[in-house]
Each structure stands twice: as C-alpha cells, then as structure tokens.
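Have a look at the structure that comes next, please.
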Amino acid sequence: MGNSQHELQPMYRTMYLIRRFEEEAARAYSLGKIGGFLHLYIGQEAVAVGAEAAIEKTDYVITSYRDHGVALARGSSARSVMSELFGKDTGLVRGLGGSMHLFDAEHRVLGGHAIVGGQLPLAAGVAFRARYMQERDVTLCFLGDGATNIGGFHEGLSLAGLWKLPVVFVCENNRYSMGTPLNRTTPLADLTLKAAGYGLASDRFDGHDVLTVRDRMRAAVERARDGGGPTLVEVLTYRFRGHSMSDPGKYRTAEELEDFKRTADPCALARKQLLTSGVAEELLSALEQEVETEVMDAVRFAEESAPASRSSLDAFVYAGSSGH
Amino acid sequence: MAQVVGLPRLSPTMEEGTLTRWAKREGDDIAVDDLIAEVETDKATMEWRAFDRTVLLKILVAEGATVAPDTPVAIFGGRGEDISSLLSPVQSADSTREAPPPAKKAEQPAQQPTGRVPASPSVRRLARERGVDLHAVQGSGPGGRIVQRDMERLALQPSGTENAPLAGARADRSEVSASTARPAPVAVPLSSMRRTIARRLVESKQNVPHFYLSADVRVDALLSTRQELNALLAEKNEKISLNDMLIRVCASALRRVPSVNASFTDDAILQHQVIDISVAVALPDGLVTPVVRDADKKGLLEIAREVRELAAQARQKKLKPEQMSGGTFSISNLGMYGVDEFAAVINPPEGAIVAVGAVREVPALRDNELRTERCLRLTLSCDHRVVDGAAGAEWLAAARQLIESPLQLML
Amino acid sequence: MSEEMERDDRVFVIGEEVGYYQGAYKVTQGLLERFGERRVVDAPIAEAGFAGLAVGAAMVGLRPIVEFMTWNFSLVAFDQIVNNAAKMHQMSAGQLRVPVVFRGPNASARQVAAQHSHAVEPFYCNVPGLRVVYPSTPRDAKGLLKTAIRDDSPVVFLEGETLYGLQGDVPEPEADELIPFGSAKLVREGHHVTVVSFGRPMPMLTKLADELEREGISLELIDARSLRPLDTATIVASVKKTNRCVVVHEHWPYGGPGAEIVDCVQREAFDYLDAPILRASNLDVPMPYALELENEVIVGPERVRAALRQVLYLD
C-alpha cells in the first residue's frame, strides 16, 4: 500500500461521512425537521476534502451557503452541524444560522455566506490580516460558478490581486447556477480566464478525484503562503442533487445525471482506488459502519437536543466594547 | 355575598358627588346607620349612612374624587370574601365624570356633560390630577382642542413641575411679549358647588328670557319701624334686619300679585299656592339659596330667626338639599356692599328674583319743601314666559306700597 | 484617529484617496506620513471590495476604519455593511466580532444633486447589529470616534459634509475623552418646547434658539448624536418638562431616526404632550441641483419656526 493510499483512507472516510450526513439531512428535511433552504453537497465531496488536505489547521476557510461539506471536512462535529440544521441550541451557532450559516471559529470556518459573492471581499480581508500581521496563514474561499458574475467576485479578486494577498479562490463549477447552465450565464467556457484581468494565477482541473484536488490545491496554497499572490482555481464538479431541496431539477436530463453518478461519483471513485490498492473490503465496510453510527448518532443527538434558546436572540446582536 | 356599591344619590338634583372623606377604612365593620363617607354634592356636604350591616371590603374611589351617582365606589360583603371577580370589571369601567349620567335624569333640562372633549394628553393628565371637569373648559386649540394654556387661563394650581405659561400665547398671540417672568395665575380647583353655580346660571341666562324693572322706594318708614321693633327686641338680644323685612314685603307683594309667584313649564304655567322665598347667602366659595317657607304667613321675628339659622348652617355647609330647593321667588341683597343697583339672574324654575340695592339719601321735593329722604332701588328680574311687564310693574308697585307703609305688614 | 492608531497597532484606515491625496476632505491629512502605507491604505474605487475586506479583516482581529469618500458611495457596499458587518456576530452566535468603523461625510454637499445628496441614517439605523452616530461638534466627533474605534461592533459614523468647516475646542490627546454611545447632549435648556435633532441642522438650530429667545420663546435643544442606540431617557425627560416636541432632521421624512424619536416620545411621554409631535425635515423629493430649489428642499429655520408655532399654538 503506497503512501497516498495511507492518506486516501481518512479522506474517503470524510467524503463518505459528508455523503451519509447529507442523505440523512435530506431525509430529515423531507420529514419537516429541517426548515428553510438545504443545499446539498452530494457529488462535490472531493473538492472540500481534497482542499482540506492541502491546507493547515491554522489556515482559514470561508464559503458560500453550500457549506456542510466544508465544515465537516474542517473538523466540525456531525452532531453540532446536524443540530444546527435542526435549529437546536446545541448547533454550531445555536440555531441562529441554520444550513447556510455554519461558523466554527475553533476550526477556522468563517462562515457559510448566503449572498452570492459576498464572501470574496471578506476572504480578501482575512488574507489582508495575514499580510498586515506578517503571518503565514492562507485563506481558502469557496464559491460557485454562478458567483463569478457578481460584483463581489470582481472586487474581491481585484483587491487580492492588487495587494498580492494570501488567498485561494476555489470556484466549484458544478455547471449550473441554480437552474441555468453555465453557457447561458457567461460567454466563457473557462472561468479562470477571469483571473487574468486582476493579475491572479489560475488553475483548472477535474474535481472528482480527491487526490488530484489535493495536489493541485497544494500548489496554489503554497504559492499564496510564499508570497506569490492569490490564485483562482476552477474545479469541475457536479452536484447529484438539486440546487436545494426545493429544486425539482428539470433543467437537466436523467441520463446526464446517471452518467455522472456512474463515472464521476467521488466517493465511489475513492473507494475503488482503495480496493485496487489492496485495502480489504472488510476494512472499508467497518469504516463505513463507523460513519453510519456517527451520522445516526448525530441525528439522534440533534433530535434530542434542547430547542434554540430565547436568550440567544439578544445575546449576539452587539459585541459590546472591547474592554480596553 | 359581596357586591359593588354605587355612589348613592344624596339629593334630588345631584348629578355628581365628591367623596370628601371616607369614614370607614377597608376591612371595617359597618353597622346600620354608621357613617360610611361624606359626599359633597352640588348643594352641601352630605352624610352617607349605612342601611345594612356589612363590611367595607374595598374602596374603589379615592378621597377627593368626583363621580356620578351609581358609579361604583366600594365593595361591601362578608369578611374574607373573594372579590377578585368583582374587581376587574369595576376597575376597567369608565368611572370618570365623562360617563353619561344615568338615564333617570333625562327629564332634567340641564345640559348633561356628555361626549368626548378634544383635549391634549397633557391637559387630560392635569385634569385627572386636579379633578377638573374638562366640559367646563373652553378650548383654544385647533378644533376647540383644550391645550395647556387654556388650563393656565383657568387659573389652575401651579404644581412645582409645571413650567410658566408661554409669554404672548396668553393674551396677545400676534405679538410675543419679551417678558416671560410674570407670575402665573393661581389655580383654584372647581368645587362641586362652583360647578353647579356655573351650570345653573348659564342654563338660566341661556334659556330664560330675562327682563328687568327698577324702581326707587322710600325706606324711611320701614327703617324707623325696624328701629322701633329692634328697640323692643333689644332685651331679648334679638334683631330684625332690613333684609328680613324685605323678605316679608316680597311675600306679601306676591300674595297680592300671584302671577309673579309662578314657574314656566313646557305644558303650563304653574301658579304656586305657597310662597317660599329663596334667600341668597354668600359663602367664601360661592353662594347658596336657603328657602324661607310660607314667608307670607310668618312674623318678622320668625323670619329673622329662620334666616339667621339658615345662614349659619350654610356657612357650615350643613344645609340639607331640601332646605335649598323648592323656592318660588328669590331675593338677593347687595346693599350692604354699597351697590346702588344691580340685576340678578333668575334661579329657575322660579319666575322672578328681586335685587336690592343700598340705602341712600336723596333730595326730594315734598309739599314744596326740599328735604332728604332715604331710599333704595329694587330691580325685579322676570322670566318673560311667566311674568309680563305689567304684572312685574304691579308687583313692584305693591312692594313699594308695603315698604313705604310698613304697617300693612302687620295686617 | 491618529491617537487611536498610535494606541493600537490593529487600527488602520482604508478608503479612496486617504493616503497620498491626504483625503478627499482632508480628514486623513498627515496620517500617511505618520503611519505609513501599511496602515493608511489607498483603495481602488471598489467600495464593496474594500468595505468587505475591512469586515473580513475585522473578523480575524484587526480594527479597520473605512472611509467612504461620501456616504452616497456606501450604497454599492450596502450588502457588505448590512449583510456582513451587521450580521456576523449574530450569525456566528458570538464566535466572531466585527470591530469596524465606517465613516464619511453624509447628506447634501450643496448643489451636487440627487445621487450625491443622500442622508443615509434611515437606511443604517434600521439594521440591528449596527451602531449609528452623527456628531455635530468637533468635540463630540472626537469623543464618539474614539468610542467607535474601540467598540467591538460595527459602527456607522456619519459626518456632516458641511460641518467639516466648524472649529471648536477638542480635548488634548492626554485627556483621552470618550463619549459613550446612547447619550444625547442637552445643548441648551429651555421650557417652552423640546427640539431634538442630530448632525447637520444643529448649528442652525442653536442660532434659531438665540433668535427665539429674544422673541420670548425658550427652546430646549437636544443633540441626539447617537442614533442607535438612542438616548430616549434624556429626550423623554425633556418633553415631560416642556410638553411639546419638534424633531428636526435632514433625512427624508418617511421613517428613519426622526420618526423613531417621535414614536418613542409618543409612547413614553403621551400624557405630557400638549400638542402633536411634529417633524421638520427635508422635503420628500430627490435633491435638485439649482440652488434655490435645493434651499427649498433642505430643512431650514423657517420650516422649523413653522413647526414650533404650530406646537405652541401661536398660529
């Protein structure tokens, strides 16, 4: 068993955890236990997990509203994320944020952000701090392909490029901005062409193989860490579910979806690689059973947790003075 | 069984009463005929006494509050009874004077204080605090809204928290005066009596068509008769006043001219068969009119004693309503203040009132000889719906004759 | 600002023309020489970008001061201020803080027409999570700005575009005078009517109060200066004394802090009011260019006088 297989096994576990977690979240949503919007990451797990493998625990990650995968990949517990989806006091943000707003300062998850493109200037600011304080942390900013048309994207890239900030913008191109295919929202087939306008480096690759993601991300992250400036990375991926739970998915054919599921399911791909490299089926089954237990425990925990507290309402509106 | 008790009607004309004093406290036993509270009505301070044995469970209206009859003022019942179910509806009920008066009063001609008066919130608060009836206040704001300066004009009591009235807003609004330091008027809250006087006099002047007849009468004979009588009474330490004699004069003149002893109603003129003279008595905070009954049948001394007693009771506010109502004619005398003549406002439903001026010396030509005589001026105010000019003149002539030949009074 | 930058290395200024140009209104004059490019950051014309960048930097511990050349331009950064700055602390259930100050000149700069004449306080006052202050004197500006910079919540700091010329004593650096948020200033005692205002109209009202004093009308003048939180206690106490209230503001009349003050007075001083609470404000139209028309739109002493006469029942 090679070195990368050693590393692949925990990555597969995390991807499988995200997969199973979201399947259960979808079930809970259909039972009315989760409200609002629920944007699933199923099919894109390799991106978050591969990117996570390319950064340090001290680096920052900020993302859009499709944020469960990122939080779980960073190390937020399945219990705290599921509880947040259930709107419970034990949730990551005590039931104040829900699916779209996962924040975990301990794991340096700076939020799921629900206004498209709004997080890019924030990411530039987080990276600005590293430069200001002369520290070496890097900021990873996830965005969807739809975000590349909005002002925040351009202004964020513009400032990051201008000041060579240590940030990597990861555009997860899942080919649909909500229900509109990419070719109907931008004249470019290659989104990384947008990087050139702001003096950013760029990279573009297929995001179904988690090891590929990790390796290509690593290059961008190291460039940022070493003062080489920001990179716009376009990762080609595919979401197996609708834009959100309320999306019937009429804009794409069943054949297309089946084709992707058959050839580009990142979890299946990683599992196959592990088996090929000699990892025993029993071992994988045991690992999957462990994940199953963890996810079901998270659901039970969320169900049994106390509801969000009235006292949270007023507690976090203002931070007060800094006590100097 | 606990029950909510309304303010009893303590006089026939009582439209509201001020609870001047609670004689019992919450939790006190009440025996039959116990004094429960004192209530100042339009006429006098009345005693509210108990009809039944009970316990005062709850006082609903504070001392000083003015409320209409039947307004809940207390809860009576058995000791320890739960009165919570009675409390809420009572306390939420509008018990202020703005509540329409009970329907039984409908036949009264009085203008009832009903309806909402436009007033600013601060005026409403001041009115609440000071027990002022806003119906009696003229509003100068838009749409007749009563605003603070109207209250200030009313000379309301300045409390320490109130600021001085706006200079210029008070008198001449087109020119704002430079001086803001002028003292504010002193406010005197309206007493129940004051309110009644105001209401009844406005009612009289607005509804009763007054006309006036004046005549000078020579009083030398009357005064010398009085002097002689008082000399006789000196050892009894009693005295007859000029006014006492004039009451008797009025009564006799009314007997001679009964058409003046009458009241107007919508259906008929009521010719009174008794002669009851209302006598105006000035008090520090207003005036009352106790009645000398059957004045035509009473001797001068009897009248003198009765008037003295009624006046004393009036000053102590001890007059009972029945002592102040039911007169058929009024007399008002300002002669002792040096007033030569004045015209009085009729006291409805009476048909006339006579105003008596001061005794003065006038030159007179008698038997080709110029000499001084003492005389005074009588002014009769008549309700023209009842008394015509000729009848009034006839009455004045009768009065003059009686005054100038007082021996007729003895007949 | 420079005192606070001296005091705390995490404080930096970012905005258009704040550095080499020395500030469009010279507010940041001399800062570049003193603190260098690291802390006085000239930004491109990208309000959403640099406002968002400041919020991001604040989320991880810096204390940015964002200068908008005018608050009109904040509207393209509205999302960053409203959705990110104001919400981050709450959305993260207290895990993150956003100690950022957004500052710049507010309201009409005289004859710059509709797009450059916004009074933005109604927009920002309506957002829980933001603090909004609007000083009218140099001393208040200094004391409130120091408080704003040290506050851990995002602060919208409004400066009157035509107040920059005001001169006044300010405390020495050693005094380190901070003016707490939520404290209104009783500018002048009086007893006939309470006039509440903030920001730009204040100098005009002080002058008007002098004139009216000579005419026998005594104004109690209150500078709200902190609009969120609002010092309702001072305002209500004054109205309880005078029984009348006129609110003067330069923002448009539909809603906003002016209306908020009216609401709080009618709720808390209802029984003390002798007249309806009136507002004197700008006319409800976009700002025109021509001087005569602009003068007509912006609230001036005559409109205030008319309101005062009405609440004093002098007409």
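So that you can tell them apart, the chains are marked A, B and C in the order they are listed, and the count of residues begins at 1 in each.
Criterion: a residue touches a chain if its C-beta (ideal position, glycine included) is under 8 Å from a C-beta of that chain, and two chains touch if they have at least 3 such contacts.
Just so it is clear, the structure is predicted and the values come from calculations on it, not from any experiment.
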{"item": "Top-ranked pair of chains - ranking by C-beta pairs in contact", "value": "A-C"}
{"item": "Longest centre-to-centre distance from chain C, chain (CA-based)", "value": "B"}
{"item": "Mean-CA-position distance for chain C and chain B (Å)", "value": "63"}
{"item": "Whole-Å separation of chain centres (CA-atom averages), chain A against chain C", "value": "40"}
{"item": "Interchain centroid distance [CA atoms averaged], chain A/chain B, Å", "value": "91"}
{"item": "Residue list for chain B, restricted to those that touch at least two other chains", "value": "none"}
{"item": "Residues on chain C engaged by chain B in the complex (per definition of touch)", "value": "191-192, 214-218, 241-243, 270-275, 312-314"}
{"item": "Parts of chain C lying in touch with chain A, wherever the complex brings them together", "value": "8, 12, 38, 43-44, 46, 48-62, 64, 76, 79-80, 83-84, 88-99, 128-129, 131, 147, 150-153"}
{"item": "Complex contact set, residues of chain B against chain C", "value": "120-125, 140-142, 147-149, 161, 163-164, 166-169, 173, 176-180"}
{"item": "Residue ranges of chain A touching chain C (in the complex, touch as defined)", "value": "60, 62, 92-94, 96-97, 101, 103-105, 110-111, 113, 115, 118, 120-129, 132-133, 151-152, 154-156, 158-159, 162, 312, 315-322, 324"}
